[in-house]
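Order of writing sets the labels: A, B, C and D. Residues in every chain begin at 1.
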Amino acid sequence: MTMLESAVGVSAATSVDMSTDLGGAVLPSPMMTASGCAANGRELHRFLDLRELGAFVTKTVMAQPRSGRGTPRMAETPSGMLNSIGLQGPGIDAFVTKDLAWLRSVGARVLVSIAGNTSGEFADVAARLRASDAFDCVVGVEVNISCPNVANRGLVFACDPLASGKTVALVREQLPRDIPIFAKLTPDVTDLVSIAQAAVKAGADGLTMVNTLLGMVIDTDLLRPQVAGVTGGLSGPAIRPVAVRAIWQVRAAMLEGRLPRVPIIGVGGVRTGRDALELVAAGASAVQVGTAAFNDPGAPARVGRELQSLLAERGFARFSDAVGVAHERIA
Amino acid sequence: MTMLESAVGVSAATSVDMSTDLGGAVLPSPMMTASGCAANGRELHRFLDLRELGAFVTKTVMAQPRSGRGTPRMAETPSGMLNSIGLQGPGIDAFVTKDLAWLRSVGARVLVSIAGNTSGEFADVAARLRASDAFDCVVGVEVNISCPNVANRGLVFACDPLASGKTVALVREQLPRDIPIFAKLTPDVTDLVSIAQAAVKAGADGLTMVNTLLGMVIDTDLLRPQVAGVTGGLSGPAIRPVAVRAIWQVRAAMLEGRLPRVPIIGVGGVRTGRDALELVAAGASAVQVGTAAFNDPGAPARVGRELQSLLAERGFARFSDAVGVAHERIA
Amino acid sequence: MTAGVVQVNGELIATRRAGAYHHLTFVAPGLAEHARPGQFVALTVGGPTAATLLRRCFSIHRVSPSGTYGGTVDVVVSAKGAGTQWLTALRAHDETDIVGPLGRPFPLPTEPVPCVLVGGGYGSAPLFWLAEALRERGCAVHLVLGAATEARLFGVVEGRRCADTVTVTTDDGSLGHRGWVSDVLPGVIRDSGAAVVYGCGPMGMLRSVTEVAAAEGAVAQVAVEESMACGVGVCMTCVLPVRGNDGLTRMVRSCVEGPVFRGDRVRWDAFSDGLCRVPADAVGAPRAGGH
Amino acid sequence: MTAGVVQVNGELIATRRAGAYHHLTFVAPGLAEHARPGQFVALTVGGPTAATLLRRCFSIHRVSPSGTYGGTVDVVVSAKGAGTQWLTALRAHDETDIVGPLGRPFPLPTEPVPCVLVGGGYGSAPLFWLAEALRERGCAVHLVLGAATEARLFGVVEGRRCADTVTVTTDDGSLGHRGWVSDVLPGVIRDSGAAVVYGCGPMGMLRSVTEVAAAEGAVAQVAVEESMACGVGVCMTCVLPVRGNDGLTRMVRSCVEGPVFRGDRVRWDAFSDGLCRVPADAVGAPRAGGH
């Protein structure tokens, strides 16, 4: 299960150029952790060398320290899980001095995930990040406008094009132009393309898709919601078809000219190289591995090796040639 | 796996009153098949007595015969599947003379699922259904305003409150008042409650939730979409947390008075009595079993027996007392 | 309710390799009695914790109605994806749920005419049982078995026991004639004077079996293999375009109206590149602008 | 990179019933060397087709660093839900992936003080190994084992071998004292003059162990059991409110900062009715209006 899917093509695999260009940030590998599924690096570094990843994605950080929610915070679901963490974190100041500095010290390339209760708070977090000493290990910022766990569902920015655009614009102002920013979208919307349009128009250099789906599990013994937060975010292989569809739709809109062509970071249900290849063929220029790391802490790196082998077997010399390739193969 | 989850309480179970009132239609059991997952009865009747079900739900029928899409039409996904059938069917006239008449002949109570390319076509189908000889076995009509397979995504009625309301209103006009109609909703919307509101305001006597999620699978050997229809509907246990959440949200809105209190038919990922109980505790007055019937053709009846045992073990004398019970048990 | 179809918990009592395949024997009380050659069974895979929800379908290789175990069914499985890998890793006394017999069997000729039976890869699995049924009716039976390589042939030895002649082809020449079954088929039909050609194997092979049979004046009966989600007729995933008695083409379910079809009724023209399109003249076909 | 934690494919070499539990021995090369009592392992469940994505965590019952198999780890499993049922149905030579040792072990006293070790149900699993480590340091060891019934006790016989005294309680009186461990604990602490009380078992028991220890002037070290999605510190699901050295309460991860905590540091007041609320005075606690 945790083995390379394919033993063949390993030597050929090494010749596949895995580098990817994410709106200016050129990374040696498309593989990343997913925000909230890898803490801030130390724990995972016991299982894989963070430098092997294209980028390490940090747990979403907000302005202030946050305790997160009470427990239970999770439920296992068929081929997935539900979580309701409530964005627990140290706050941006402690984050930059402790976590970011550590990530820098081990040579990780870092994609920092940020959020706020208001658009202004997003900007504030970005400004404090930029001002930090460790900022030079930052290869990009992921603007998490889509966390379904935060108490007021009405405040999910990514459900509304206006709020999404405003937030992205304010963050964009705070960061140097050579630091790409990625708006992280939720699939729980009627018209994903319109949210993507708003984010890109407001200055997003790329899009991360998808965050968790809003879900719920009921404890059938106690007959009450199983997680203390009542609803939670659904993730894992169960949702992969939704992630692939979301990436496909937005990439298709780009190919049709309905939206400028910006890189997509794919995330949702990736556990193997084949899963990653699905997201790539649909249009992802990078791939994050989230929940699967709970099953196999080495997964973010292993999936990259498997992906490289699969690309070699299929005759690709460069990873970038496979991005969105399925759009060229429909009848 | 296909056994009763619990052997205890079987004698107690028989004393649980499983009847349910669905907007006037009182059914002896809350269990139903799901539209499109049981054809029109003959095939499943080899595995279970259709009279054991509260109602048999037919494959969505439209005005004209339809071939459906080309193949492949399906892909297995983790704990679920993707389908892209394209509403293959005989058309309403052949349906009523052949299928509905047969269902009537075996004593089934029938919930007929209808659709149309336009609101007018929905009404036309309803009118022809009403005029049919076998109409007296019909206990209700499910208005499938949410099939994500139909070619133009823009035509998914249930993504738009106006279109949803109009369709429901036109169907309501065609049917006698004592035949309840249920609007079947998709979870792929930003604000499910607003769609539910529009449907109920327009005359829906109840709501069926949820239809499949829009998803996609890519064949990683051919690097192209795996189903001929490109995208498809995601179903099965993988999506159960989304179904539970959808039912919970709409039921909560009813309890808060934001929407009149109408019965909800729950559907999505039910495979066992425990799964059914999740939907019931969230607010479902009836439960449909769809994809799980592909794994176990007897599932729609088996789940009902399991549910009855679970209710007995938990001390419920009546099924109806368990409907929405989880709303009363949150801190 | 069951009308000849049973759903039983099948205990595996024998599993052995057969070239590239695994030959599995399950206890399946009540299944054998109604089964006929060409029908299939649908097995659950993965056990109680499985993410693989859908059943896998396999031609019935043979059945034995009674005996120590009270009825068994044999299948021949090629380990391909997750489900077939799970099945072929089962050990004796493991269990899985079996539904069957499903689908329509090969129709048997009413007269004792010579027959040719063509199997591609594991597609030969149901043919030996068919051969026996045909010989019981006095039909001469000629078997043609083809595969990519010797390891992917199934039942060459068994074939010699139950057929009058056995012709073998492999793509790489590792056994028998180098080439395809369609290379040798015209000769076998002609030499045997066959009136019926039965085929089971990949779609491309069935198409050429149909074409060759037509050219030689024989009727082709082919067992198709379409992707199936339910196997019992309720999901509409397993369809293919078939011309009916009324001359009209419909998308019909191969699990209940097949898997055996008269070859000349199948709209082979709709298949290409791994896809099957709905013929424009099919009943209810999408009109320009889509439905 | 591994820093003492290994991820290995563990072959099951022995599985036997122990009352209501299953005692499993896996080969786990490299794991034993770094493991200490109180740490745990995280096992994948369900095999390659599984819908159960998350690992299951189990206290290490014991390890043996070398031998025929080059290092083994023992766990005691109660078959509860899908994953533990799968584990307890495994047969010899089946395999599963193991990550460990994880978490912080029980701290050992620097002086040879008397200790009481309290185990509830399978919670006793890590205590025998702990007892040996304590006795090596010259500590007297008194074991208190409690469970609902005799079948749900684990290790009474083993306990008699490695502890100075063993006191048993069962809710139904089927073995030892009828009642709870908290009924007998004050006496055991007083009689032994224990300075440290170690506890492992259900949260309710750990809370009373903490209270009794405090009342008797002993330090409680308890191993908590929180629902864990990852076991390795990356998911933040396994938190509980714990007071730090600075007196402030934080929601800390029991998989990396625990599972062993000083009992008086745990905010037991936050637990009720199967839920744990964030204490209002915790760092970053939600303010009125919610975050």
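Please note the rule applied: contacts are C-beta pairs under 8 Å (C-beta built on N, C-alpha and C of every residue); 3 or more make two chains touch, one makes a residue touch a chain.
Predicted, not measured: the structure shown is a model, and the values here were computed from it.
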item: Neighbouring chains shared between chain B and chain C, ordered by label; value: A, D
item: A-D compared against B-D, more contacting pairs; value: A-D
item: Between chain D and chain A, distance of the C-alpha-averaged centres to the nearest whole Å; value: 34
item: Centre-of-Cα separation between chain B and chain A, whole angstrom; value: 34
item: Chain C-chain D separation of Cα centroids, rounded to whole Å; value: 55
item: Rounded Å distance between chain B and chain D, as computed from the means of their C-alpha atoms; value: 45
item: Touching two or more other chains - residues of chain A; value: 78-80, 222, 236-237
item: Numbers and ranges of chain D residues touching at least 2 other chains; value: 47-48, 51-52, 275
item: Category of the chain touch graph - line, ring, star, complete, other; value: complete
item: In the complex with chain C, residue positions of chain B that touch it; value: 1-2, 36-39, 42-49, 59, 64-74, 76, 78-81, 83, 85-89, 91, 117, 150-152, 222, 228, 236-237, 291-298
item: Of chain C, residues touching chain A in the complex; value: 51, 273, 275
item: Complex contacts: residues of chain D adjacent to chain A; value: 1-3, 5, 7, 9, 44, 47-48, 51-55, 97, 99, 226-227, 229-240, 250-251, 256, 270, 274-278, 282-286, 290-291
item: Complex contact set, residues of chain C against chain D; value: 45-52, 82-83, 85-86
item: Contacting residues of chain A [partner chain B, same complex]; value: 75, 77-80, 82, 159, 188-191, 213-218, 220, 222-225, 230-232, 234, 236-242, 244-245, 248, 269, 274, 277-278, 281-282, 310, 314, 322, 325-326, 329-330
